[in-house]
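After this come two complexes, each holding chain A, first together with chain B and then together with chain C.
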Partner chain A sequence: MNKPILLSRSNIFLFIIVLALIAFPFVMDSRTLTILVTQILIFGILAMSYDILLGYTGIVSFGHAMFFGIGAYCTAIMLNDFESTIFVFIGSIAVGMVIAGILSFIVGLLTLRLKSHFFAMLTMAISGLLLVVAEKWRSVTKGNDGFTFKAPEVFKDRIVFYLVVLALIVIVFIVLKRFVNSPLGRVLIAVRENEQRTKSLGFKTLYYKVIASVLAGVIASLAGSLYAVSLRFVNTAVLTMEITLDALLMTIIGGVGTLIGPLVGAVVIESAQHYLSGLARDFPIFERWIIFFGIIYILAVIFFPKGIVGTIQAKYFQWKDKKAQLNVVPLSKNKESSK
Partner chain B sequence: MDLIFSLIINGLATGMLIFLLASGLTLIFGLMHVLNFAHGGLFVWGAYAGVFSYAYSGSFIVGIIVAILTGLVFGFITEKLIITPVYGNLVQQILITLGFMLVLQEMIKVVFGPNVVAVKVPELLAGSWQLGDIIIIKYRIFIIFFGFIIFGLFHYMLTRTKIGLVVRAGVMNSEMVQALGINIKRIFLVVFMTGSALAALAGVLFAPYSGAIYAELGMEFAIMAFIVVVIGGMGSFQGSLFAAILVGLAGSFMAYYVPYLSLAVNMIIMVVVLIFRPQGLFTTAKG
Partner chain C sequence: MMESLLKLDNINTHIGQYHILQGVHFEAKEGEVSVLLGRNGAGKTTTLKTIIGLTPATAGSVTFLNQDITKKPTYDIANLGIGYVPEDQGVFADLTVEENIKVAMRKENDESKEKLEYVLNLFPDLKKFWKKAGGNLSGGQKQMLAMARAFVNDSKLLLIDEPSKGLAPIVIEKVMEAIVEMKKQTSIVLVEQNFYMASKIGDTFTLIDDGRTVRHGEMKELIEDDELKHKYLGIG
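And now, the complex of A and B:
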């Protein structure tokens, strides 16, 4: 019971996974696989940031792509216009995060006062507007055609970039884990469970919801920056609904409100996308693989609302409870007999 | 003068199409507290089903009828399969209807092919009238009349018939209606199917208006309809007409005078409404 938390069973398990991921590119000498895993990790960051909104605060945003897109465009434009060095890259991440933070603050302040369906709808509308602006503002974004740019010299080696992304996802995971377990994070969970009640306990829920949406926006912008560098190309696709849907699917299928769940979801969705679109050459129906995802997603919402990790967790706790009860039963019997 | 006149006609026609889409959305929301993100999907299905049957039969009326039937059938399926299982759970409703929207949109590409489909205006409604300097495109007038007829019809049904009475009562307090022994579930289904049919009708009317349809159209129009519903007030039928015309006119005037603002103008109206009257301009629904 009094084991140090750092050495809890799940943390050791995560630690082993991280070690395996560090070793992975050196063991498996495959460029495509390294790129795929990098992609999975980047979307993992995005999905985790979405989980802060959907899983922990219980608000549905359909405009998450706008923050992702802001990060991607900031990095792409700055690397293209200035020198393509690692410092500009770091600077562009910071700029993207600040812009995303400011935007999510304004949007949040304006819309989070409303009920959840308004928020979902408005975020969708605002991000739709941003997409149209990006398409029309060709002098900066080059519209739908997009533009390529040079990644910093260091990232020429895919493995270096992979390791950077891996380091960042670990940092983001630890930060978010600390965040959701902090008193502030607990208030967010309370908002999810019962907003009225949290309000009557004296918490300004709007304030907490805005904090959650700013944090989620900032992290999403980071994911966007990394995504742009991993492709060395950016176009308006980074602002489309598809990105939001990806994050949504990963979070739902992996398990809402678990942080690990979205990562599992990212692995499932990204690898399925990769292999299913590979199958499309032989079976044309797989070109529309999104239908399968849509159907799986609908079924998941109805029958499997906790997702993969959530369901496993629930089963595990059930099993633990049962075990605990078995241990308790003889004790209470003793008590009764002593009476 | 002639310019302003044609801008007004343009704006009214666009507004009417958005109204057809938004009125279904607003009634469904008012009665069931379900925000149907799949509504845009029904719009595109209506457009495609209508256009293909119009091309096949050569009669636009057949196209309209097929679109309405498609809307009814899809509305029935959506209500039974998608809405009922998650009834009462807000977050799940939002998530699931969006997922269904995705499936509907991709199904379009499977059934009708992924390419943009060109649509011609039916012969009877093609061309334009000339009154002095003013050129009036016939099809736009047709849409405006059609929209007003639909509005009148539904306004009559809502205010003068028994089912309209029940629907309006349901918007105010659905538990009370149920307590008085009316099967509110059946009313839900009817309203949902009607709303879907209106969306499909908007789709088929839109097709010759724009001249081309594609699968992503649903999402674009759904966003417009959402904006209109927010401005007009959730659950208000008259509000959605007023807001749709407002959005249509603002869009057409801005597109001419300040083109770069034309995209933002709807958002600006919505933001202003949200700041000063978050419940919308007209409201009958609670919450």
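And now, the complex of A and C:
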């Protein structure tokens, strides 16, 4: 009976955060901040998609950037080659998602039979292969130099684009939340915890892992499309290992298997990157900001071993259990009071 | 004469370079509790894993309901109606008791609801901790959850591996009572080190030693044969 109350409380909390985020660009008149929060939201979408793999299915993929890159390139190429209208933008998102879905299906089917570390290595290799193809296929991708393109007219106002990204992250969150709470989501958690045991309950686990892989790939592609439009530029950096590592770190720092955790991770990592590198203007030592970033990561792992949200959740449930135990009246005391 | 449900014929199983099972013959009949007995490392658990397909046989055949299942994948074997309760219970720690059971139920219809009600009456503790995470249950509760989960999975035959392991005597009694009750609904293959428990609930026994079947018969024969018990189980 406690869960629905908790859920409704957390829903109200999330609702307040969404309201605050809607109000944010109108209250804080800062273009830089709006762009930063837009980036955080876009990486939040990417990190949530990674959480479906890592947190809910137990799949460690080092090739998640390939789906992000597919989305980014589809949108950039279509907006560059066709008229840069909102319809082309929507169409490019759809095309990116379809291609990412097909590729993640094929990659999943070929690789998810392997044990976790072999799978991780193979995804890294396939992603690396895609990066090389993008580097060499200069007529389409312009290689590492990349190319700029025009975003749809409506996105000239950064606030409009911010609100679109905000709306999309809310939709993605609701869809993924429903997905992980569905019977299918439970099977994925079962696969993560004990694949053999899940098989012996009659589940063809490969099938479920491929579903998770396709969903994660499709959502990552959406994030890639939004990322390209936010920069109005794309190059092969969107396909590199750094993107996958960012998603991995956001998920681990925020808390795996929580969905909301990766969003918190995105806030921590994107803000740290932005502010630490910004400090270099006043303090030269921050030119090596990546060192401080490493320290933040180490501290986060020490103080939040289950990630920020995961650790807070665990402490909350511990506190609740303790409270429940304190409320139990010992039998002897009960007898005494009845005398 | 009861019908044969499961038959293992000259089963050989390798795990890596090790030849674990070197000729296991075994038969389980409908409505019976068939007990696999033997010393530690004799190959009892591997036999169960071979039946469910987790460590497939390299030679010999496993037949279930007159169907050869030797080379079938685990999920197909489970879908044919074989439920498996592993030694470590295999409870999904992050899922609640309810979710653990509902994952196994697959579909909710009148029959599955009836089965659920039946196991909850059999294990009232599960009802009490319905919303508790599987990982927070005690050893005995985990054992009950694992058995309940395998039962609601539409199993015609349950493979239960050492259900008494690590449990307090009072909990063992409860588990024993539950197995006796479940026997009315399904057939059971039981691996058990606790001879007292095995002798109380088993109808037939199969003795395994060094990966080979050495004796098979009615449980009462074994109870009366002190020499056999001493030689293969170190008791009596």
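The definition used in the following text is that the second predicted complex is superposed on the first by the 295 of 339 C-alpha atoms of A that agree within 3 Å, B and C clash if a C-alpha of one lies under 4 Å from a C-alpha of the other, contacts with A are read in each partner's own complex, and residues count from 1 in each chain.
Everything below uses one rule, namely that a residue touches a chain if its C-beta (ideal position, glycine included) is under 8 Å from a C-beta of that chain, and two chains touch if they have at least 3 such contacts.
Please read all numbers here as calculations on a predicted model, not as lab measurements.
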Next item on the list: Please indicate which partner A:Ile302 is in contact with in the superposed arrangement: first for chain B, second for chain C, both, or neither.
Entry: first
Notebook entry, point to check: Who does A:Gly257 touch here: chain B (first), chain C (second), both, or neither?
Noted result: second
Check: Does chain B (first) or chain C (second) touch A:Ile189, or do both, or does neither?
Finding: second
Check: What is the contact status of A:Lys323 with respect to chain B (first) and chain C (second): first, second, both, or neither?
Finding: neither
Note to self: On the A-aligned overlay, A:His117 touches which partner chain: chain B = first, chain C = second, or both, or neither?
What the structure shows: first
Next item on the list: In the overlay, work out which of chain B or chain C sits against more residues of chain A.
Entry: B
Notebook entry, point to check: Between chain B (first) and chain C (second), which, if any, makes contact with A:Lys156: first, second, both or neither?
Noted result: neither
Note to self: According to the stated criteria, A:Phe203 is in contact with first (chain B), second (chain C), both, or neither; which is it?
What the structure shows: second
Notebook entry, point to check: What residues on chain C touch chain A, complex-wise?
Noted result: 52, 54, 73-75, 78-79, 84, 86, 90, 92-95, 99, 102-104, 106, 131, 149, 153
Check: Considering the complex alone, what residue numbers of chain A touch chain C?
Finding: 1-3, 183, 186-187, 189-190, 193-194, 196-205, 257
Margin query: Using the touch definition from the top, list the residues of chain B that touch chain A in their complex.
Written below: 29, 35, 37, 82, 85-86, 90-92, 94-96, 98-100, 102-103, 106-107, 109-110, 219-220, 223, 226-227, 230, 260, 263-264, 267, 270-271, 274-275, 278, 287
Next item on the list: State the interface residues of chain A toward chain B in the complex, per the touch definition above.
Entry: 54, 58, 60, 62, 110-111, 113-118, 120-122, 124-126, 128-129, 132-133, 136, 241, 245, 248, 252, 285, 288, 290-291, 293-295, 297-298, 301-302, 305
